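Next come two complexes built around chain A: one with chain B, the other with chain C.
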Partner chain A sequence: MAGVAVTNVRKSFGAEPVLADVSLDIRDGEFLSVLGPSGCGKSTLLKLIAGLDIADSGEIRVGDRVVSGVDARRHDVAMVFQSYALYPHLSAGRNIAVPLEMQRLNGFRRLPLLGRLLPGTGRIRAGIRADVEATAAQVRLSHLLDRLPRQLSGGERQRVAIARALVRRLSVLLMDEPLSNLDAQLRVAMRGELAELHRRTGLTIIFVTHDQAEAMSISSRVAVMMKGRLQQVAEPRVLYDRPDNLAVAAFVGDTPINLLPARVLAGGTVEAAGVRLAFDGVPETAAGLQMGIRPEWLRPADAAAADTWTGVVTGVEYFGAEAVVRLELKGGHSMTVRWDGDWALPATGKAQPVRIKPGRGLLFAASGDRIGEVRPADAGLAVAI
Partner chain B sequence: MARRPDQGRGSAILRHAVLALATLVFCIPFIWMLLTSFKSRPDIFNGGIDPWPRQWGIVENYSRILFDVPMPRYLLNGAIVCLGIMALQILVAAPVAYALAKLKFRAARWLLPLIVVALAIPAFLPTLPLYLAFRLTGLISSSSGAFGNYAALILPFSISAFGVFLLRQHFKSVPDELVHAARLDGMSDWSIVWRVMVPHARPAIVAFCIFSVVAHWNDLFWPLIVISDNTYATPPIGIIAFVNESVGGGDYGPLMAAATAVTLPIIAVYLLGQRFMADGMALMGK
Partner chain C sequence: MSAAGLAISPAAAARDRREALTAWLFSLPALALLSVMLLLPALAVFFVAFTDWQLGNNSIHFAGTANFESVLKDPVFWTSLRNTLVYAVVVVPASMALGLGLALLVNAGPSLRGFYGAVFFLPFTASLVAMALVWQILLHPTIGPVNALLAMAGLPTHNFLHDPNLALPTLMVIGIWQLSGYAMLLNLAGLRAIPPDLYEAARMDGARGAWSRFTLVTWPQLGPTTLFVFVVSSMTALQVFETVAVLTKGQPARRTEVMLYTIYNEGFVFLRTNYAAALMIIFLVVLCGVMLLNVLTLEKRVHY
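Showing the complex of A and B:
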């Protein structure tokens, strides 16, 4: 078993920095997602850990071995690729067997025909076959081992790729957007299977994805990466409730976070679009602030009051379990509110007051960093004048 | 756009008629060769232009090329030389093409243009330097044996710029992720060439093999220069020798039998390869 430690890794392609001083500790047995928009450097980071590319500087350890600069074959990590990368001319079973063949058979024993005549080859091959079958059973592939990749569905190919990564029983598994080629339903099912696989095997998994819902739902921790820098590494819940900066807050969450321009009043009170909230630790001189409010932190109020925002309903999207209501506030700010499916839906064009749940609300400085803490629930009710 | 069925049939008939005619035009010399090899000597000279043999000479003609002239030996030489060339060409071209297609190194930028330049050099141009090189190394001499002769016939063609170029184009289409996966599975570059790249480019390799075998089976120029001992003659040289020594002016029956014997393996190679090529192409479709 092994964790992975990335320390001060830099990588650039030409003059373009792809990874700028990335440090990341992945604990033994952890399921860590690296989340970010495409081109943020997350796949490059994975390649460096796998040894498929070489970092300009910095150190990478797998377990207690330094692997940066070492040949990929000796990194002892397995990887599942986005395109599955199966050998098209080999059956599923033989695809899974390749890592074992390369490991257990030497060059002579791998020779076609001739290799089989060497004493002992048969015994080794029987061992490989047994291990392949055991691994295939683990991912429910046993009945498909004779098929060629092109005769398999996307989900089945995916499982072959996973089996091939598991067969050597290495302790670190890297996954590069493994679910993005599957259709929506299968993706959700595979998510569950991966979580289950992780529970069963105790592998250290590093999972790269651009899909925040995927990252949030299966990982023990998520590392958000943007423009070659790690923005925040935290458990999904922390990432969602207390994002370190505006970029993370905006990237995480199905429905985008509401942002309102805010200014500091005396006594730690912050005003945004006419509503005042009490914050601690906000310098009175701060300017260019923005208040972040997740759509589900808002709920409808019966009547307009000092602690409510009132907006005209411009759109309602109903999904069954929930609805998304869009409001337009005075001053042209738009606001999205997540409505419970049970609540009466507001009519478009009507004025609708909404109130923030106690203890909720984020404040971002002009630099984008989160500052201040909203005052805890009992004391933090919106301050009426 | 849907076409009317009768219009389609009419143009199909026309198409096939044109193709059949063209086929016939190209086949007539071969048919003539085959039929002449069946005719007896008097029949050839007195029979007018009646294609069908009136007096059969199959046994007589073919026994002459089998027993009086070492035709089987020539065919064997041809097979050794062609297979040797083909094997070496693939052995050299596949790793080179892999390096050019998938590895990053500074020289790659000017190596590829060099290969394209090599493609443009006429085959006759390096003949003299090559000949001198072989003379200097002693592989060509009046006393050189099997090794020297076969080496002189095979080695100049062991590096094929065309082969490198063709395979490079096909290797480039192999997804990088597949190469990465192979590396993580524990493969060396050498293994990647033979276990990932070559199977992936199988149709191209089969096509290249056919091209190579046909070209060198029929090659007359280079063997004519380096062969000092007819024991190592390739089939075309064999036919020339045959013409010179026994036919003189007139023994066309055995000559055509020899020509037939030389042509048949080529046709066989093509038909065999064509089948594999079709298989390979079918593999390409997902």
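Showing the complex of A and C:
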């Protein structure tokens, strides 16, 4: 078993810096997702850990071995590719066997026909076959080993790719957007299977994705990456409730977070679009503040009051279990509210007051960093004007 | 449900007929050209092969299989067929291997890729008659630079095109020189279509060195390209004609007599049209047989 330690790694392609001083500690047996928009450098980071590319500077360790600058096959990590990268001319079973053949058979033994004549080849091949069958059973592929990749469905190809990565029994598994080529239902099912695989094998898994729901739902920790820099590494819950900065807050969450311009009043009170919330630790001189309110933190109110925002309903999207209601506040600010599916839906064009749940609310400085803490629920009731 | 509901309405039927008529009218020019240029001459050849007609004759009589019998009894035909097959068996694999090797080399270095591609492809695009003349000068026994080089190196000189043992091999070298550029260009395109993911997967799976990568990824991925190159090269090689007609005229001692040249001689020099037609049909059968055999055996091993 082994963890992975990435220390001060930099990488640029030409003049374009792709990774700027990235340090990341992945604990033994952890399921860590690297989450970020496309082009943020997350796949590059994975390739560096895999040894498919070489960092400009910095150090990468797998377990207690330094692997930076060492060829991929000595990294002793396995990888599942986004495209699965199966060898199309080999059956599923032969695909899974390739890493073992490369490891256990030398060049002469791998020769077609001739290799089989060398003494011992048959015994080694039988061992490989047994290991392939055991691994295939692990991902429920045993009945498909004779099929060619093109005769398999997307989900089955995915399982072949995973089996090929598992077959050498290495302790670190890298996955580069492995679910993005699957349809929505299969993706959810596969997500569960991956979590189950992780639980059963205790592997250290590094999982790269651009889908925040995917990252949040299966990982023990998520590393959010943007423009070649790690923004925050935390458990999903922390990432959602207490994002370190505006970029993370905006990227995490199904419906984008609401942002309102805010200013500090005396006594740590912060006012945003006419509503005041009590915050601790906000300097009174702070300017250019923004208040972040997740759509789930808002509730409809019966009547307009000092602690409610009132807006005209501009749109309602109904999904069954929930609805998304869009409001336009005075001053032109728009606000999105997550509506429970059971609640009566507001009519478009009507004025609708909403109130924030006690203890919720984020404040961001002009730099984008999160500052201050909203006062806990009992003391945090909105202050009347 | 009424019967009228199932029947096609007269208006719809009329519209269908109009559409079909328009379609035939549009294809008419192509059909006419195809018939005049390809189908009718082919039919004519087939017909003439069973008659005694020779160019200039005023009468024509059915001759049964007499032409075919005399072809099969003619030693020139058998020499010609053997030479053609030997030529193809050497030229096709050699040009394919050379083409693949060149493609791998050109593809390996990113700079000047286009330049080398164009240089090696040139022989295939240039007129082979003109290129044959260039080769004639290169190989000339007294003024040719090839013999001059051999002499400078202290090696014996040769009259390449008139030495019975060297004439066909020399033509083979020219054939390989011409076809390998074509094989290279197609392989180059095939190499660029290989997803880079596969090479990365091979590295993750522990493939050591160029040979492992070639056997695990490159060669299987080039399968369809190779099959295509093989079929086209075989066709081109079996129909070798220009170099023979310009350089050796089937000589010395019929060592470079090949099928198309024999047919040309019979039909246009000796004017034995009926005999040439029979030769043509036999050659066609041989060509189709070889191709069918190859495609059937190879296609099973190629994965698209």
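The definition used in the following text is that the second predicted complex is superposed on the first by the 385 of 385 C-alpha atoms of A that agree within 3 Å, B and C clash if a C-alpha of one lies under 4 Å from a C-alpha of the other, contacts with A are read in each partner's own complex, and residues count from 1 in each chain.
Everything below uses one rule, namely that a residue touches a chain if its C-beta (ideal position, glycine included) is under 8 Å from a C-beta of that chain, and two chains touch if they have at least 3 such contacts.
Everything quoted here is computed from the prediction, not taken from an experiment.
Clashing of chain B with chain C is the outcome of superposition onto chain A.
In the superposition on chain A, contact is made by A:Phe81 with both chain B and chain C.
In the superposed pair of complexes, A:Ala50 makes contact with chain B and with chain C alike. By the document's definition of touching, neither partner reaches A:Leu298: not chain B, not chain C. Within the superposed three-chain model, A:Leu152 lies out of touch with both chain B and chain C [touch as defined at top].
Comparing the two interfaces of chain A, the one with chain B and the one with chain C have residues 47, 50-52, 72-73, 77-79, 81-83, 85-89, 98-99, 102-103, 150, 164 in common. Taken together, the chain A residues at the contact with chain B in this complex read 47, 50-52, 72-73, 75, 77-79, 81-83, 85-89, 98-99, 102-103, 150, 164.
For chain B in complex with chain A, the touching residues are 175, 177-178, 180-188, 191, 195-196, 199-200, 202, 283, 286.
Taken in their complex, chain C has these residues touching chain A: 195, 197-198, 200-208, 211-212, 215-217, 220-221, 223, 303.
Within the complex formed with chain C, the chain A residues making contact are 47, 50-52, 71-73, 77-79, 81-83, 85-90, 98-99, 102-103, 107, 110, 148, 150, 164-165.
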